[in-house]
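Chain lettering (A, B, C, D, E, F and G) follows the sequence in which the chains are written, and residue indices restart at 1 in each chain.
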Amino acid sequence: MQQGQMAYDRAITVFSPDGRLFQVEYAREAVKKGSTALGIKFKDGVVLLSEKKIRSRLVEKNSLEKIQLIDDYVATVTSGLVADARVLIDFARIGAQQEKVTYGSLTNIENLVKKVADQMQQYTQYGGVRPYGVSIIFAGTDTIGPRLFDCDPAGTINEYKSVAIGAGKDAVTEYIEKEYKDNMSLDEAIKMGIAALKAAVTDDSSMKEPEIASIKVGEKFHVYSAEEVSKYLN
Amino acid sequence: MQQGQMAYDRAITVFSPDGRLFQVEYAREAVKKGSTALGIKFKDGVVLLSEKKIRSRLVEKNSLEKIQLIDDYVATVTSGLVADARVLIDFARIGAQQEKVTYGSLTNIENLVKKVADQMQQYTQYGGVRPYGVSIIFAGTDTIGPRLFDCDPAGTINEYKSVAIGAGKDAVTEYIEKEYKDNMSLDEAIKMGIAALKAAVTDDSSMKEPEIASIKVGEKFHVYSAEEVSKYLN
Amino acid sequence: MQQGQMAYDRAITVFSPDGRLFQVEYAREAVKKGSTALGIKFKDGVVLLSEKKIRSRLVEKNSLEKIQLIDDYVATVTSGLVADARVLIDFARIGAQQEKVTYGSLTNIENLVKKVADQMQQYTQYGGVRPYGVSIIFAGTDTIGPRLFDCDPAGTINEYKSVAIGAGKDAVTEYIEKEYKDNMSLDEAIKMGIAALKAAVTDDSSMKEPEIASIKVGEKFHVYSAEEVSKYLN
Amino acid sequence: MQQGQMAYDRAITVFSPDGRLFQVEYAREAVKKGSTALGIKFKDGVVLLSEKKIRSRLVEKNSLEKIQLIDDYVATVTSGLVADARVLIDFARIGAQQEKVTYGSLTNIENLVKKVADQMQQYTQYGGVRPYGVSIIFAGTDTIGPRLFDCDPAGTINEYKSVAIGAGKDAVTEYIEKEYKDNMSLDEAIKMGIAALKAAVTDDSSMKEPEIASIKVGEKFHVYSAEEVSKYLN
Amino acid sequence: MQQGQMAYDRAITVFSPDGRLFQVEYAREAVKKGSTALGIKFKDGVVLLSEKKIRSRLVEKNSLEKIQLIDDYVATVTSGLVADARVLIDFARIGAQQEKVTYGSLTNIENLVKKVADQMQQYTQYGGVRPYGVSIIFAGTDTIGPRLFDCDPAGTINEYKSVAIGAGKDAVTEYIEKEYKDNMSLDEAIKMGIAALKAAVTDDSSMKEPEIASIKVGEKFHVYSAEEVSKYLN
Amino acid sequence: MQQGQMAYDRAITVFSPDGRLFQVEYAREAVKKGSTALGIKFKDGVVLLSEKKIRSRLVEKNSLEKIQLIDDYVATVTSGLVADARVLIDFARIGAQQEKVTYGSLTNIENLVKKVADQMQQYTQYGGVRPYGVSIIFAGTDTIGPRLFDCDPAGTINEYKSVAIGAGKDAVTEYIEKEYKDNMSLDEAIKMGIAALKAAVTDDSSMKEPEIASIKVGEKFHVYSAEEVSKYLN
Amino acid sequence: MQQGQMAYDRAITVFSPDGRLFQVEYAREAVKKGSTALGIKFKDGVVLLSEKKIRSRLVEKNSLEKIQLIDDYVATVTSGLVADARVLIDFARIGAQQEKVTYGSLTNIENLVKKVADQMQQYTQYGGVRPYGVSIIFAGTDTIGPRLFDCDPAGTINEYKSVAIGAGKDAVTEYIEKEYKDNMSLDEAIKMGIAALKAAVTDDSSMKEPEIASIKVGEKFHVYSAEEVSKYLN
């Protein structure tokens, strides 16, 4: 910890002398403790993958699902504080409904991502709250084609060909930086994603049943069953 | 206590440098002081059990009941601050009534659990309040079948085959992890639950009259009388 | 005082590292300085007793009355901060009126106690206030029969066969634990109560004129006159 | 000052570890610096007396009057912060008007005292304010007969045969405890009051022109002129 | 500064252990730095005087006027923070207008003074503000005759035959205590006032052109021109 | 810095023990860093002058204009925090519009100045804000004739024959104190103003193109073009 | 860091003793860490340029765009906290829409810049928030001709012939100060801008694909394609 940091790190309304917001950086630490997830664009769609940390056989697997549909054409995968993620996903779902009621359909996913990110930015500028301790990957298709965004606790958005979040973010990113090719097939993308997850996750148990979901332009999101996933694992 | 922890642990709006929310962790300590309770799914239903700490013969036993019905098909058992639990149970009851008024029946218990959990998450993100010092097990049946959830002070939800809360959580969980079988009968589930409670609770007096309640698909919740309970104890 | 306690004990919105709310505990200390009072259920009713601390012959005795009627069928006795108690008793009276306007009568005293207790719980979770420094015994009869509750600064409720509050709580409780019998007559209950009070109160002057009130199923609350009380004292 | 007291004494929303509210106690110190005043019930009425501190011959004596009429049948005398007292007296006058508009007359002075006391209690429980630094004696007659109350910064009310406030409270009380007789005449009560004041007030100048006011059942409040007062002084 | 004073002197909502409000006392220090002003009642009216501190010949003298008319029959002179004084004078003018709209005329100046003083008292009891750093002398005539009040930062009011505020308060008061006679003529009062000011003000320049205003029963307030003032100075 | 000053200088709601408001004094320091400006009354009008600090040839000169018209008959020049000044000038413009809508014209500039000054005073008395870091000179003509005011961060107003603000305030004032004559012509006033500015400003570059604006009774405000200004500079 | 600075640098509502607002200065540090961008006026228009920091080939380049259109005739380029910038750009877009709805077109860009700058100033004066950590260049054409402004975290606006923000601000400004000529052609302006960026940016990768956009009077804003940009780079 930097000399004097503690003087500036306990309120989101305080810049440090070198212009940093420590509370946002600490919220990112909560994300770095989260499960590893990633998204990959392929030729005509996007695939999302997430490790699944099953700490006990007594937990119902479906209740740990990190990949959540926002509507038929947009899905998210999150990493960080679980309850914060749930609240933001509900916020996104309501936002998506509003877009549809207003415009008939969700024509630009970026607008939805901005709505969520603006909410997250607010919590970095006003006192009496803390930032959301979560990063979100948004994937889907809209009138522009396949889209893949992430949004971090600062409320910063970027669009990607491939992006990772959570504990294994750096390892996954390093792997994909090397291997990514444009115009991959869905199959190639899933295989690359599983390989990248394996490179990042050292805990074997959490790679027994990764979550996978994909969407192709013109189709709806597909969440892979355990059987479908196991085929790819072998 | 970790070096420097005290700088970050007195406000729910402050992340520690490693991304933790100490006030939520301290609220969990309040739960760890609570009475031990658990839920177990069996073939076609769920059973709830709780030790009953009777500190004096002058207390009316019914006023210590930890198992509380939300409606005919959903019940909770709580551990932690008693007054916090009461307030959240009332919140859940109102939520259940609203669902019924809107949809005719409570078709998905998970929606109700999320309503309560969202309330609890709010108290981990805004200043001027403290988190709820309570964990809640929700059990019941809905259109999906038997359901069993817990919700902790962070507002995190998980669904389980079996889950425990309170002082004996670890001991109960260890026991059930070993013994749990799918497709148990109601009788088998109750016996396993009592055995697990006994494994966790060292204070004999609080195991004289554990609380038991169960529900089967198609039936309403049944709270066991002292007589019914005593049969299982022998 | 425990090591480090002072870091966590000056705001009701802060849990200590071991999950305690020190401000609630300190409010209980205010109650422990209060006058001793108790309630006892007998066969078909409840009796309330309280010592009366008469510090000066210039005080009008009636203005020190600890036993207060909420309506004809419910009474309270309080211990702790006198002004806090008065405010909560007024709150209870309004609550009782509302029940009657809504339902025609007060069919369940527990609902009234919960209304007051919820108010008290709120003051343990929100910043900018302090908890109420008072414990309240509620006694009465409703459709269930004789009822006897207490509510402490945390907003925790319990139902009792007999309960005591104030400076002499432990001594009274110890006495009654030993002597309590089910199905006592009103006379037996009053005599036991006076004996218990005497066991707890070392200051003779405050036992010269204890307050006594009782209710039987089917009758209204009766507050004993000085003459009636003096008969029991001899 | 007790060890550690300063940790708990700067906010009204903080109990000390032994259940005290230091800010209320400090407000009482403001009262203890105030001018001495007292009330005495006699056979069929009440008399109020107050020393009058005339610091300069340039002050108009009437502007120092401590005895203030609320209406024809109720009067107050206050000690402590002068501006706080004025605000509370106005509050009481409005309260008395409201009672009259609602019920036709002020049938119970205790209701009025409780209204003022509840206002004072609020300022001992909520942050962002300080308690009122004043004690008030209320005297008057209602359907019950002569009434005499005091209300302190905690919002605590008591009813008295005789009560004193201010710097000379202890000396006056000690005197009256010894001398008070039931069924005194108005004359006896005034003489006893002057004697008690003289016993308490060491500053001769402030006893040159004490304020006196009295009420008898069936009559209105009478404020004594300088001539009437001087007769009693000799 | 008293030992430990700094622990209690930075918030208006905090009493010190001996019942003082330091912020009010500090606000009085702001008044003690102000220009000296005074009021004197004479046989059938009141006169106000104030030194005029002319720091530069570039300042328009009229913009330094301390004596301000509230309406034709009431005037004020203030000492302390100039902007605070202006705000309170505007507050008083609005108050006077409201009285006239409601009652046809300002029949009792004391009501107006209380309105301003209540405003000032509020700023001594609520957090998040500071007291007004100003004392105000109110002079005028009403149905009672000539009136002369002052109001200090605590919101305390007194009525006087003669009163002074500001840096020279003590010196002026000492002078007038000695010399004041009832039933003076206007001329005698002005001469005494100028003599008193001279006794208090050591800075000759500020006595070159004191401000003078007077009112007689049945007449309106008269503000003296420089010529009129200079006659009295010689 | 005075001993102990730091205990009282971080909140506008706190008086220091000697009755000072440090935050207001610090805001004045922001003004003392500002560019030098001044106003001078002449026989039948007012002239305003300001140095123009041109730090780079890439800045558009007009965007640095310190002299701003409020309407055709009132102008301001400010010194201190630029953004604060802009906000207050907009506030003044709206205030002037309101006066005109209500009264048909701005008949008294002092009313407008008071409106702005009252806004500035508010920010010296309430918590959660800081004072405005700006001083404003108001100049213009109204039914009274030529008017010239300044208003400082405390919200204090004075009217002047000539007044200066900003870094060179003392030097300008010293110069004008010596040279000022009543009944100057416009030309004489401008020449005196330029001479005073030159006496105060040591940075030659900022005196290359001072801003000048003037108004005569019966005419509108005139802002001098670079050509007009350069004539006066030679 | 200056001696004692830490006493004044953690709240935007606190001036330092020398009249500085440290939180605004720290927000400027966040801007100094941002990407370098600049604007240049030419004969009949304005050009904007920004380096593009491409940290990974997996990021979609368009999502990093620093140059954002507000409408067809106004564009911005920002430097500092990305999420803050996005929120302010949306604020500007809504402001531009409002102007058009009210006046039919955006006739003066300065009004729009002031709207944004006022929003930014607010966050430097009120507690419970932090300043925006961003500087914005506004460029466009209106009825006055080509316009070029910047706005910094203090809410200060200036108009320029050329202006730079971000990490390379000083280097760019130094270059342009030397080279800028009035009445350049669009081509000359773009070449000068690229040369200035190259002088400032030492990281070659971020100069591979700078962003360029330009507007001419009578035309709409044109954002340059990668192909168009690459022509200028060679």
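By definition in this document, contacts are C-beta pairs under 8 Å (C-beta built on N, C-alpha and C of every residue); 3 or more make two chains touch, one makes a residue touch a chain.
What you are looking at is a predicted structure, and each value in this text was computed from that prediction instead of being measured.
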Quiz item: Roughly how far is chain A from chain E, going centre to centre by Cα mean, in whole Å?
Solution: 68
Exercise. Determine the centre-to-centre distance between chain B and chain D, using the mean Cα coordinates as centres, and give it in whole Å.
Key: 55
Quiz prompt | Shared-contact residues (touching 2 or more other chains) in chain D | solution = 11-12, 127-128
Quiz item: With chains as vertices joined when they touch, what's the shape: line, ring, star, complete or other?
Solution: ring
Quiz prompt | Round-the-ring chain order [start: chain B; next: chain C] | solution = B, C, D, E, F, G, A
Quiz item: What residues on chain F touch chain E, complex-wise?
Solution: 4, 7-8, 11-21, 114, 117-118, 120-121, 124-128, 148-149, 154-163, 173, 176-177, 180
Quiz item: chain F touches which residues of chain E in the complex?
Solution: 1, 5-6, 9-12, 22-23, 26-33, 56-60, 62-64, 81-84, 86-87, 90, 123, 127-133
